[in-house]
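Chain nomenclature is as follows: A, B, C and D, assigned in order of appearance, with residue numbering initiated at 1 for each chain independently.
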Amino acid sequence: MGSEIKNVDLAVSIGPLRLKNPVMTASGTFGYAKEFEPYLNLHKLGAVVVKGISLEPRPGNPPPRIIETPCGMLNAIGLENVGVERFITEKMKLLTGISVPVVVNILGDTVAEYQEIAERLADVDDIAAIEVNISCPNVKKGGVAFGTLPELATAVTNAVKKHSRVPVIVKLSPNVTDISLIARAVEDGGADAVSLINTLIGMAIDHKSRKPVLANVIGGLSGPAIKPVALRMVYQVAQSVSVPVIGIGGIESAEDVLEFMLAGATAVQIGTANFVNPRAAEETVEGLAEYVYENKLGSLREMIGALVLS
Amino acid sequence: MSQFQKKSYISRLEYLSPDIVRITLDSPEIARIAQPGQFVMVKTGNGKDPLLRRPFSISQVSNDRYFQILFKVVGRGTSLLAHCREGENLSVLGPLGSGFQVDCTGSHCLVGGGIGIAPLLFLAKQLSRICTGNPPLVVLGARTGEELEPLINDFKELGLSVHAATDDGSLGHHGFVIDVLKGLQLAADATTYVCGPHPMMLAVHLLCKAKNIACQVSMETHMACGMGACLGCIVPVEKGGYAHACFEGPVFDAEELLWEVK
Amino acid sequence: MGSEIKNVDLAVSIGPLRLKNPVMTASGTFGYAKEFEPYLNLHKLGAVVVKGISLEPRPGNPPPRIIETPCGMLNAIGLENVGVERFITEKMKLLTGISVPVVVNILGDTVAEYQEIAERLADVDDIAAIEVNISCPNVKKGGVAFGTLPELATAVTNAVKKHSRVPVIVKLSPNVTDISLIARAVEDGGADAVSLINTLIGMAIDHKSRKPVLANVIGGLSGPAIKPVALRMVYQVAQSVSVPVIGIGGIESAEDVLEFMLAGATAVQIGTANFVNPRAAEETVEGLAEYVYENKLGSLREMIGALVLS
Amino acid sequence: MSQFQKKSYISRLEYLSPDIVRITLDSPEIARIAQPGQFVMVKTGNGKDPLLRRPFSISQVSNDRYFQILFKVVGRGTSLLAHCREGENLSVLGPLGSGFQVDCTGSHCLVGGGIGIAPLLFLAKQLSRICTGNPPLVVLGARTGEELEPLINDFKELGLSVHAATDDGSLGHHGFVIDVLKGLQLAADATTYVCGPHPMMLAVHLLCKAKNIACQVSMETHMACGMGACLGCIVPVEKGGYAHACFEGPVFDAEELLWEVK
């Protein structure tokens, strides 16, 4: 990249959090970031979001946990994670000093659990923001209810927000009739931003064995297949709330990011694409820089919500 | 750890049988550092479908420059790969995972079934090169001789004598690898290295356990990323919970795994 | 096909309606069936479902109406159709004598409109069943509300059922939080069967023009991309209602049909696949016959709901 | 109507320029009945992505056995198609749509822009064969000479003299096709057959309308099925509502279309 391209303005703000560019990585698809050091410069990214953390460690679901589907994949990882204590003592240490904002994704079975995790994390330095997963479709107790009922969504947001020193992003489930309703509910609860979408609930069956492919029977659909649904929901939500919207779902390239920004996203997260191309996030940042340079934009922010309706 | 994501040049593509293909890739970065038992993740097409890379063991390296994968066509990804042409590039991620643990002070027994034989060739070469003791015992099986023959040849070229077994008796022993293995004299200091179908690996593990012999197995699981990011590639472990085949394996000490659950 | 294969039992029943095999074609993807005569033997199919009919003719949406997406497509046809009168006088004539059961798909803006169409069709011979589209995501007034609110879904079903002489299939929208709830609501309303899924609401944006690709901004996502979602919903609904379930969504082959049947579908509809391969429906029937023959099943019905949970 | 869905053998694949490709398909069923202006729907890959077929005009038929498509690489589908190889099969649906309406009693003027020239070659051949009057006027344009030259050659081989225009002036008139057309003497009984970019077709339509000359245009729309099933391929018509390009077109009488809306 020439130095002119390097100097283009890609910065965006998620509430009080300023990111040098809008490209984040999605929870559960980027490990604890360290895994990607052989492939890309972490500090080139806007932010990284780590695997969802619960109060207690979780072993996750039995295998098989993943299966490919047309232009997508189903996962039923079951929120395997080390729990908030080991996250703080072991994983945060690795994350400190990687010179990229770290967003911690959290999940719980009860409002009290969400709150407790938030409290524990409030003492920890170097956390840029908390992302609250109220939408995980994989674990029966993992939050389906929170993400589908406005009252519960407000309550969880409220509990986390009250006990956090950093911006709180609430991550919405697409498996609802009206996602704008939930978005407004979490905005009411004090969310500094919303991110969407989490995975669509899906299923795969092996007709030979006559069994569900996933041990968990159902799983979460991600990847390019869901991009049209994600784009529509981001567009709807961006028109319904005034907090920043973070677009997620099938994003693989700078062009995809531009589409989500036009639909109203301030930032984006790259998920499944990291598996296929571990350099995807960095290459996307480069592509955005080129776009801004070639189109002589003052700033990439000009694209946010700039959809032209004729 | 050094890993590379490389456009690798296909310098050779050979059909060893109608559905077994060997691809030789020109990729010094990977060839130089690969260890037996490690694998690569390969993008099998250019489009979004199939979406994910496919894992393949490194079956051989040569001249610090080339490495080979040896695979069976079983679905869309492998079928696309079999239709690549020499001179094209493949996107390859690797070398990944932790391979076989070799200790030259003991003796060695390689046990492979079907396409699971692939990583054992690389291991056999390594053993021949670095360990000065007796050549490893090699026991290889497949359903038919037609399937087994092309997989065996390279071992013979190394000067190793191979104990063969086929389900239909068309080559070597008529029956399973485990039967052949039972008839062989395994030294107390032997390590068995196994790769093949799950039931075969289980049988070998149980035999080794009974004889108190070390046994390393290479596990196949569904992998989305191959590099620790998705947590999809788990195998249940003896001590409870799961291990991740792509970075804690794919080669495991058979004793550490929980074999009952599958 | 050998004669043994020809004689295998593929028959299924949708309430009182007996089909020689479970393979139907999906509304809006098979024209008025005549279009497919150059490509396949219509009488080999289980049934054909015609393009949705409204009370008055509708011109449909302006172009562009379709756009390809990863492993899928978005459409915003806008329910273009000739209206129930011309359907009866012109189109039904073409359909009479094609020797395959004809299912007429209907839609309306109000309960009264649905009822009126049902009344008009009640006088028409050669209609095997009516499929009620309560879920079209393309037209603002086209039924989104009916398919997302249990009370309305019951009401529409009721109105159509009361005025129909033939079985009534209600076609469900996937754009809801709990599709089982709606399925039970239409069962309560008297539906003889449910079919699902209609398209997922999606959107595509052209980053170059900065415009939505579809003139209608949003459209319906169909094709292989949505199959995992469809399969999951069919599985859920089959466990929630006692009427037969017709599976729809990304079906292209006999293997796909087997998966939907294992999940609990009694029959299926092939949609987008007809565009790619106009012989898809017939080839699927052939594939099912081979499956039954090779696996020595007494009848294909053995597959319905036969999912093995370990 | 007879239509076929055929695995057609690629008997020739030629790059006429870096991004213009001509494929000759061995398909007697289609070649025998195809009419100028008709098109085929081609599956560009084997997988589910790209999902839909792509429409291409039939640009030539020969010996009641072969037909050609001529296309520009603009996206994923055309790029996949350009990477096919001779000897492979393509899945082709066609011939589809209603083509140009030819009346030999009048005179003829063919106007093509860019890759829109493709169907006009077939038409020119047909006119030369069945109409005994004056040879048709041919006006062809493109952005550059490099793009235009390979598209013009076949017309020249037919013995037709071509009026060329390029945006950059590198071949023929420096400017638009419409400028060339304005300078030509069009007979009152002429029919103009136009295929090319939308603004070009509109300009030709307006010129013909002013001169009261018949004008047939071939419309490009997004097509999912090409055979009347999806209702996706509409163009607004003068009398209100829409016509479906795949079966009511793709060739329309320009007067029937509503040009203002797009």
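By our rule, a contact is a pair of C-beta atoms (placed from the backbone, for glycine too) under 8 Å apart; a residue touches a chain by one contact, two chains touch by 3 or more.
Treat the numbers as computed from the prediction; the structure is a model and nothing was measured.
The set of chains touching subunit B and also touching subunit C is given as A, D. Centre-to-centre separation between subunit A and subunit C, using Cα means, comes to 34 Å.
In whole angstrom, the spacing between the mean C-alpha positions of subunit A and subunit D is 47.
For subunit C, residues that reach two or more other chains under the stated contact definition are 70-72, 223-224.
Shown for subunit B are the residues that touch two or more other chains, namely 48-50. Chain contacts here are complete: no pair of chains fails to touch. The residues of subunit D lying in touch with subunit C in their complex are 1-5, 43, 48-53, 93, 221-225, 227-232, 234-236, 240-242, 261.
Contact residues on subunit D toward subunit B in their complex (touch as defined above): 45, 47-50, 76. On the subunit A side of its complex with subunit D, the touching residues are 70-71. Residues of subunit C that touch subunit A in their complex: 69-72, 74, 148, 175-178, 200-205, 207, 209-212, 217-218, 221, 223-229, 231-232, 235, 250, 255, 258-259, 262-263, 306-310.
The touching residues of subunit C, counted against subunit D in their complex, run 28-31, 35-36, 38-39, 51, 59-60, 62-68, 70-73, 75, 77, 80, 223-224, 252, 272, 274-279.
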